[in-house]
Amino acid sequence: MTAALALLLGAPAASAAILGLVLPVRRSGRKAAWLSIAAVSSSFVAALWLLRQFIASPEPRSWEFVWAPFGDGAAIRFGVLLDGLSVPMLVLVSGVALAVQIYSVSYMAAERPTALGRYYAYHGLFTAAMLGLVAAHNTLQSYFFWELVGLGSYLLIGFWHQKPEAVRAATKAFWTTRLGDVGFAFGLIFLWSGSGTFVFEELFDSANAGRLSGSMLSLGVAGLFLGAMGKSAQFPLHVWLPDAMEGPTPVSALIHAATMVAAGVYLMARITPLLTLVPAVAGIVLSLGVLTALLAATLALVARDVKRILAYSTVSQLGYMMAAVGASATAAGFFHLTTHAFFKALLFLAAGSLIHAVHTNDIFEMGGLWKRMPLTGACFLVGSLALAGVPPLSGFWSKDEILISLWEGGHRFAFAALVLAAGLTAFYVFRAFFVIFFGGNAGSMKAHEAPSTMTLPMAALSLAAIGGGALGEPIHAWIGASISGPRSGAVEHGADWVPVLATSVGLLGIAVAWLGYSRRAYRPEVWRARLAPVVRLLERGYYVDDAFLAGYRVLYLDLGRMVGWFDRYVIDGCVNLATWVTWQSAGRLRAIQTGRPQDALYAIAVGFLLLICLAWWG
Amino acid sequence: MIIPWLSIALLSPFVGGGLLLLVPARARGALRAVALGSAIPPLVVSLVLLARYDTVAGGFQFVESFSVVPSLGIAYRLAVDGLSLSLVLLTAVIYLTAITTTWYLAEREKEFFLFLALLVTGVLGVFVSLDLFLFFLFYELAVLPMYVLIVVWGSSMEVPARGPFGWTYRALRVGGKEYGAMKLTLYLLAGSAFILVGLFLLWVEGGRTLGQPTFDLVALRDVAFPHEIARPAFLLFYVGFGILAGIWPFHTWSPDGHASAPAAGSMVHAGVLMKLGAYGVLRLGFELLPAAAAEFAWIVGTVAVINIVYGAVAAGWQSDIKYLIAYSSVSHMGLVMLGMATLTAPGLSGSVFQMVAHGIMTGLFFTLVNLVYHKARVRDMKEMGGFAQRQPGMGTFFVVAGLSSLGLPGLAGFVAEFLVFLGAWSSAHPWWLFPAVFGALVTAIYVMRAVRRIYFGPAIQRFGEIKDLHGMEWVTPIVLGGLLLLLGVYPRLLLDSIQGGVAELLARYGG
Amino acid sequence: MTLERILILSIVLFAIGLFGVLARRHLIAILLSLELMFNAANLAILGIAWHRGCLAGALIVLFGIAITVAEVAIGLSLFLLAERVRGVVHADELSDLRG
Amino acid sequence: MDWRAAALEIGVLALAIIVLSYDLVVGEARRSARRHAWWIASAGLVGLLAASFSLPVGITFTEAFVQDAFSLFVKQALLVAALLSVLAAGPWAEQRGWSQRSGDYLVLLLFATIGGMALVSARELLTLFVAFELLSLPLYVLTAIEKDRREASEGAIKVYLFGSVSSAAMLLGIGLVYSAIGSTFWLEARDLSPPTLASGVVLLLVGFGFKVAMFPFYIWVPDTYEAAPTPFVAFLSVAPKTAGIAALFRLHFELLDGRLPAVAVWIAVLAAATMVVGNLLALHQSNLKRLLAYSGVAQIGYVLLAVAAGSRLGAGMALFFLVGYLFSNTGAFLCVAALEAAGEEPTATGAANLIRRAPGLAAMFVVFLLSLGGIPFVLGFWGKMYVLLAAGAAGMWGLVFLAAALAVVALFYYLNVVRSIIAVPNEGGKLVVPRAILFAAAFCAAIVLAGGLMPNWFVEPAMRAVAGF
Amino acid sequence: MIVADLLFFILAAVMIAGALGVVLSRSLYRAAFCLAATLVASAVVYLALTAPLIAAVQILLYTGGLLTLVVFALVVSGSTDNPQPWRRPVPALVVAVLVGVALMPIAWQVGGTGAGRGGLDDGVELGVLLFTRYLVPFELLSVLLLAAIFGALTVARRERQA
């Protein structure tokens, strides 16, 4: 078991290290890619094996060691926790990573060998970090890998570092997630100060025992949630995700659709036992999740860039998951996480295939590709249907569960909002679908189908996206076995009308899109013009970006300018002033050395008088 | 047989300096070989000591002692404990890499290596001294060679004369290397004036209590200094050593000095010498005067968080890359000081660990920055861009250093920073945590901004074919970057011995 | 004739001598004023010796006179040197070196 | 009555007479013989120095003249100072064209040395005064020994006038002290009159102020140093100060003996002012001789702290400091002398790039400057530390701090010279330096470095020397 | 007693007048003779203070020797014309007065309103003292005088050019 674990966690790390440090390997390009793929494959196999083991005996297992002692026996311990939450996630992560890496071989074929090697080194680093994050048995270790995941994301978004936009997006992503991570750091410190431990199990124990409670618990959980907001792109920290699409598309599929962005949800799922103890925080989680789901869906309505549409969609779907976790429907949220990973990765890979073929991201510059790229089109369709929640595809089951849980949990308002968002989702994704594949623009006539290294992963993910719904039951079972929460078990299907409603809303959205963009039954441009102020608001992303920019300018640039100036010209000015005064007064003092012999004799008299005065009064 | 490990380590650079005098200035290969040779023993010794240090027994080990001025209680007493051991290792590493980073220096190498060796002797001496007078002596020795290093091998820049005291700037030629060198030296020696007075206070009072005057640290530890001695002494040590550690508002020597200094000078100075200030506060202030330290910890900590935030924010304004690094040092030294002010086990461990981490990190930074300057003749970030395309190696290491400085896990900076955070929150003044974390956030902003401005984006034609690292230039970044990684992944390498020292120190505060 | 009066007289002479030393320009005039000061000191000391009836004081005066003469000899030679080499007889003209 | 108590004085006197006779008899006949006078004097001084270590201590010649460990220690220092000056002045005289006055130089220098030695042995006011004058008069003349230079008479007249007026004051002071304690032998002090004593001591301090160049009686110092031949300045800047400070300590312990505690305050005030003014005035100097002159004033400020401390520790530390000062300051002036002898101006510009033009000289000069600046591993560091330690032990923390802070200002000008030597370019070629001067400087450098490593070689004797007080 | 007092006042007046003459007269010769007057008057006071030996020395050595030297120097230099004999007399006066005032308390501190004990006229005793207790200063004085003569010669003599 430990061997499998070591293989699982170590293989990507080792491949990253080899690719990173051994220059000849890195420069070998394609060979490096296959080395990395081999490593991830072994990881994936190990993960599957672990899953089998877990299914055989479903109880949590953990290993740990002292990582950083700090006096008097206190220490930071690192370890691995394998339970119903982490094991499936490990499989998911390694699986998607594998698919994406294979896909990238062709997608990135045009890169120089060195760059390709670097690309795979980053991938290995990311995968290793993500696996470490998932397997972590304590908050600090989570944070440790959490940040490394962020680094991987930064590096991969900025992979084309000569492109200023890519670098800008990478930096923005890093800063924004870092902002959330500050919350994470606070949160785990608060929890630590309340309980004296970082380990999840021990935190739960002390929380249940009442040792960890009150403000420390609330603040701690809230802090962790802040971290989750950053990574999982929850409003208003979602701003980095659409920009992150500047990176290579497989990266978007892996990191910004399937794995890293899900880390926040995963973390919140992980601390469900704590979350349930602080309903206020849970409420915030729920509300922000719903808000995110709705707002992001509206933003996706007006985007033209296919990847941005998918990115907003991701944000929106993450909102669903977060809402589920906030409503204590951990299993539902996790289920949606899984299915979303499949279909969103699929969508991204399909989009990548499109971009690879037509060299543009703008959906309105594409068109009529259904004929030229049938396989890609089919995959995109599968993904879209799953996203829109059309039964029996995976998205339907998981979204359904979330909606049901919300209804059951009495969150009527949230429920309504998410149903609305489901409709919008169906609309925007099919808007893209129809424009790309059946749109009138025929400018991309030279496009043709992608090679098999790209289509095969897409095909595999399509199968997962179609059949992923079957995972619902086992996921409930696993999570039920691992996480004790009031409502983490299987959902009682008391509200049978919910799926019907959701499906109809989804179909309605598809229909509207079909009417507008395929049948031209109405002219979307007209509506766009008519709703110009709203569109503008949406195009500017509710001005959240501008707010951040303003904050950056004032709080960082202006403050920095002020402080820097103050330091150089006031504080240092005082130092220079003192120096100058000494220097000048020393210069003035020279005047007493007139060089005339009798002036010197005055000194005797003055010295005598001074001493006499001292003698009288001293 | 007892091997005088510490003397070997201490005298090696000194003897190396002496040997350098014998080598003719034209034999450049031999000069470098001698310099490098003098850097090997300290490194070997520190590794040996790290391996042989008995973490269970703790305390001062490898003691060497003989009397120098018995009537005044001055002796040549050397020893290391868990706290100083790491710093000795740091010094050895930085010395070695400072030499390799200057490998291709083509201007008066002989003198350069000589002064560098003197500087390192001073630094090592402080870390291994068990006698306070010896401590002070080495401290003063460590301050001075930097002056020569800067005025001969440094570089100047323009600082526009502005502000309320702008008229003084032109008169003092602010920005010139002479200015930077003099400011650094005098500022630090002014600090030593404070230290001196504090030291003598302890000597006088200790002599009164013990019956005979002594500068022995161990003996003085047993003296319960009365408040009217301990309070001023602590403050004197704090300000005196603090100047070297860059405490606000006495930090302004650091940007000017480090910006003017040559690579190896900045490496040793920012990398090790500033630690020496912090170490002084820790040893003389916190260890010898626990009561006063506990009383004034709030000042130390509050100033430290000012340092953290102020340094980080001020760094944001700098466009000169050396100033940027210097301000980041000011900010990071704040973490060191904050860690000790917390008076908690994690805080103190983090403080010492941060000394090492920051030493390595800033050494790496200064190496790279100076190499950039050396290769492209530019220091202003506004004029840079796209260097990563021509210098992927340097870019990589710069990013590594930057990530360590912003506290990315997996690199040494994280361990230190996090331990300090834990300490801050569990200290008597938990609010320190918030500005400290804010500082870390701002660090992320300016570091990533610098990375972006220097290395990323389209290549600028003006710089043509600037070269990446080559030959010996690789050694420094690889060693330092590797250490950052190693310590970040396996912090126990040092923490095992540090925690023993910390525990002993805390025992003086009543557990 | 009391010691007090002698001392007052001596102090007055001392002060006059000091004035001369400070105010006269010619080097020889300064030397003469200097002699006034020495003489004043001698007078005071002898007064004290007389008051106490102690020969040691007289010895001091004796020595003082001798030393004064020696000083004047040196001073005059230096004056002559200055006069010869620089053609300067006034003290305040000897101010090349300053600062 | 043990003549050995005055053996050194007698020896130096004999040496002076030998040199004088040699110069008169042989020197007039053969010019080359003049050079031998220097060697005779040097050898004689070395011999006396060597002999001094076998002299007994704790003996008196008359009750006016004592030879204790304290005075012997200082006398040895004075002999060394004289020796160094003699060694360096020979080639200098040759070069400056006054070798015909070699005999005069040597005799006068030896007379001054006798004065200095007698000053520290004196236990009687009259002896003190005569010795004091003996340490003054030859110096006036020696300042003008390069008679033909314009500055010679100026410098000499300045120091002469200053010295004479202050000795007039001192004469009055002697009388007043005599009146206050009822005897010229201060160990026999009786029927004490504190107010008179105070006035007398004030006037005595005026005289000593001139001698040791304390504020405000230092004004003559820079001009005279600049005017005088540099090898002589090496003596002038050291010997009177050493003897004066030592005599002050003797007065403090034997004459005052706690009778006038306020003196400590006066001296402390003067010490502070001396440090401040000396250091500030040195800041702007470009002429090395003036710079060293002012820095010497500042150094006296430090040592006055030890005087103000008034403790036995202070006395020992002051002696130790003076030894450090002796070698560092003499060495520095010798380096300047070497620079001048090689044809350069005695300025920072003249010293530029010295490290290339005369590496050995440059290295020594830097060592001396650092020693004066109080940098570790050279003698000066320990001296300054110890003086401050003594002051601290006496509770004068404010002054300790002031001194330490001013030492930083001092480093500014020392470092500027160092920078000039090391980092400022200069077109000139290699410098040719007379070997005797280099040798003397090297001797100083060796002591400064050795003492820096093993300060105890000097601290212990200094502490033994003051054990009698 | 009154006679003695009267004598003293007359002498004092002479001395002060002489002193003022030294510092005020334009002619250096006059100044020199004013100084001589003061010194001689002092010698008379010394006589009154029962110290005839000192008085003799004062007149012979001091007044005579000194005056000779000074006049000699004046003659040699030949520079007696003195268009501006004083420099900045006002600050000098202020300082001199201040110093005088500062010294004045000594007169009362040392005290002594009564007649002195005198007895300074024992020449033999003086000689004995010189060769016993005061041997050291006496010997030193001889060295000092030697040094002074030697020094004065060194400075003053003209050499053959080397």
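Labels for the chains are A, B, C, D and E, by order of writing; each one numbers its residues from 1.
Following the convention adopted for this analysis, a contact is a pair of C-beta atoms (placed from the backbone, for glycine too) under 8 Å apart; a residue touches a chain by one contact, two chains touch by 3 or more.
Owing to the predicted nature of the structure, the values given are computational and were not obtained by experimental measurement.
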item	value
Pair of chains whose C-beta contact count is the highest in the structure	C-E
Chain centre separation in whole Å, for chain E relative to chain B (CA means)	69
Whole-Å gap between the CA centroids of chain A and chain D	77
Intercentroid distance (Cα basis), chain B paired with chain A, Å	36
Centroid spacing, where centroids are CA-atom means, of chain B and chain C in whole angstrom	63
Multi-chain contact residues (two or more partners), chain E	87, 91, 95-96, 99, 103, 106, 110, 134, 137, 141, 144, 147-148, 151-152, 155
Touching two or more other chains - residue numbers and ranges from chain D	126, 129-130, 133, 137, 140-141, 144, 147, 156-158, 161, 165, 169, 176, 179, 199, 222-223, 284, 409
Shared-contact residues (touching 2 or more other chains) in chain B	none
Chains touching one another, given as label pairs in label order	A-B, A-C, A-D, A-E, B-D, C-D, C-E, D-E
Partner chain D, residues of chain B touching it in the complex	68-72, 111, 122, 133, 136-138, 140-141, 144, 147-148, 151-152, 178, 181-182, 185-186, 189-190, 192-194, 196-197, 200-201, 203-204
Chain C residues within the chain E interface of the complex	1-9, 11-20, 22-26, 28-29, 31-33, 35-36, 39, 42-43, 46-53, 55-59, 61-63, 65-74, 76-81, 83, 89, 92
Complex contacts: residues of chain C adjacent to chain A	18, 21-23, 30, 91-92, 94-99
Of all residues in chain A, those that touch chain D in their complex	582-583, 585-587, 589-590, 592-593, 595, 597-601, 603-604, 606-608, 610-612, 614-615, 618
Partner chain B, residues of chain A touching it in the complex	66-72, 74, 140, 143-148, 151, 158, 161-162, 164, 167-168, 171, 174-175, 178-179, 182, 185-186, 189-190, 192-193, 552, 556-557, 559-561, 563-565, 567-577, 579-580, 583
